């Protein structure tokens, strides 16, 4: 039942995403005692003109 | 005032989305007694390499 | 697989929430052709000092 | 530490987004007394077939 | 139509939240040219055992 | 910069949450090559009358 959303800057390969969801699922399953089949993960990529810290877009850093 | 977000795998037609927002708005309006004008819906599509269950991306199933 | 989040002002009864998730699930299942078992709904309630439109908190309206 | 998500219809220029994140960061920093470096903003654009009010998609209005 | 979500550690007063939504609404309205009436803001507070950076809960820092 | 949100049914101990954020941070850091200091995690708990699958609230299962 855990539903995990991961927001990150775009540009990772499918191979990296494959490893990401596998290892995060294992980490969640183990620490909160949830069956892997019940864990869903959504990846949301942000472009560099859509993410800012300290008031400055990532594209301008 | 209800704000509804619907995340689903990409690929539905505009005709399906049109029916989706109409029927969900009616269901929410009726059951929680909110005027339709106050109900907002956001559709967010996920590609198959951005959604996983059981640690496996949808693209690999 | 559709994951639906419904944000609304707090105060509905469990009976209303029961009807809400049942009818929204049916509306989504029918219009985008998804099995009901694959549809998850999360209700998130907002208190009146945590929601604003036009720059004014709901508690001050 | 404040994390702000801004969802809006697509079509703003990068210049508008630059001003948006700068001024929202200042508004948050000033009113809740948080250092600017700790404030993150995510912009999420919605296409007109992915946003609805009153049960009608923006593309049909 | 912009919908803004602000997540922050709990503990601000209603007076601070009142100023927060007023000033953020003005900043968004001005920079992306949206009428104030169309801007909605949701505040979501996080407790210190529900927010982490660098793998450490805020409560343990 | 990755921002991770974990929604799950309420009831885990602080000890479990401590392990959860530590292990998820490590999994994300390793697989997408992000420094741990840049990874933020938000835990959002759902009560059993606020989560449904197949149109049925968790409290009724």
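By letter and in written order, the chains are A, B, C, D, E and F; residue numbering begins at 1 in each of them.
In the analysis below, a residue touches a chain if its C-beta (ideal position, glycine included) is under 8 Å from a C-beta of that chain, and two chains touch if they have at least 3 such contacts.
What you are looking at is a predicted structure, and each value in this text was computed from that prediction instead of being measured.
Participant: With one step meaning two chains touch, work out the least steps from subunit C to subunit F.
Facilitator: 1
Participant: On the document's contact criterion, could you list the chains that touch subunit A and likewise touch subunit D?
Facilitator: B, F
Participant: I'd like to know which pair from B-E, D-F or C-F copies the C-E interface, where a copy means over half of the contact pairs are the same by residue number.
Facilitator: C-F
Participant: If I superpose the C-alpha trace of subunit E onto subunit F, what rotation angle comes out, expressed in steps of 5 degrees from 0 to 180?
Facilitator: That pair's rotation angle lands at 120 degrees.
Participant: Since subunit A and subunit B are copies that touch, just let me know if over half of their interface numbering is common to both, same, or not, different.
Facilitator: different
Participant: Using mean CA coordinates as chain centres, what's the subunit B-subunit D distance in Å?
Facilitator: The answer is 20 Å.
Participant: Where the CA atoms of subunit B average out and where those of subunit C average out, how many Å apart are those spots?
Facilitator: For subunit B versus subunit C, the centre distance works out to 11 Å.
Participant: Return the distance between the CA-based centres of subunit A and subunit C, expressed in whole Å.
Facilitator: 24
Participant: Which residues does subunit A have that touch at least 2 chains other than itself?
Facilitator: 3, 7, 24, 26, 40, 42, 51, 53
Participant: Under the stated touch criterion, can you name all the chain pairs that qualify?
Facilitator: Between chains, contact exists in these pairs: A-B, A-C, A-D, A-F, B-C, B-D, B-E, C-E, C-F, D-E, D-F, E-F.
Participant: Over in the complex, which subunit B residues touch subunit E? Could you list them?
Facilitator: Contact set of subunit B toward subunit E: 3, 40, 42.
Participant: Which of the residues in subunit F end up touching subunit E in this complex?
Facilitator: Checking each residue of subunit F against subunit E gives 14, 17-18, 21-22, 24-26, 36-37, 39-45.
Participant: Using the touch definition from the top, list the residues of subunit C that touch subunit B in their complex.
Facilitator: Touch list, subunit C to subunit B: 1-9, 12, 16, 19-20, 23-24, 26-28, 30-34, 51, 53, 58.
Participant: Under the definition above, what is the set of subunit F residues touching subunit C in their complex?
Facilitator: 7, 46, 49-57, 59-60
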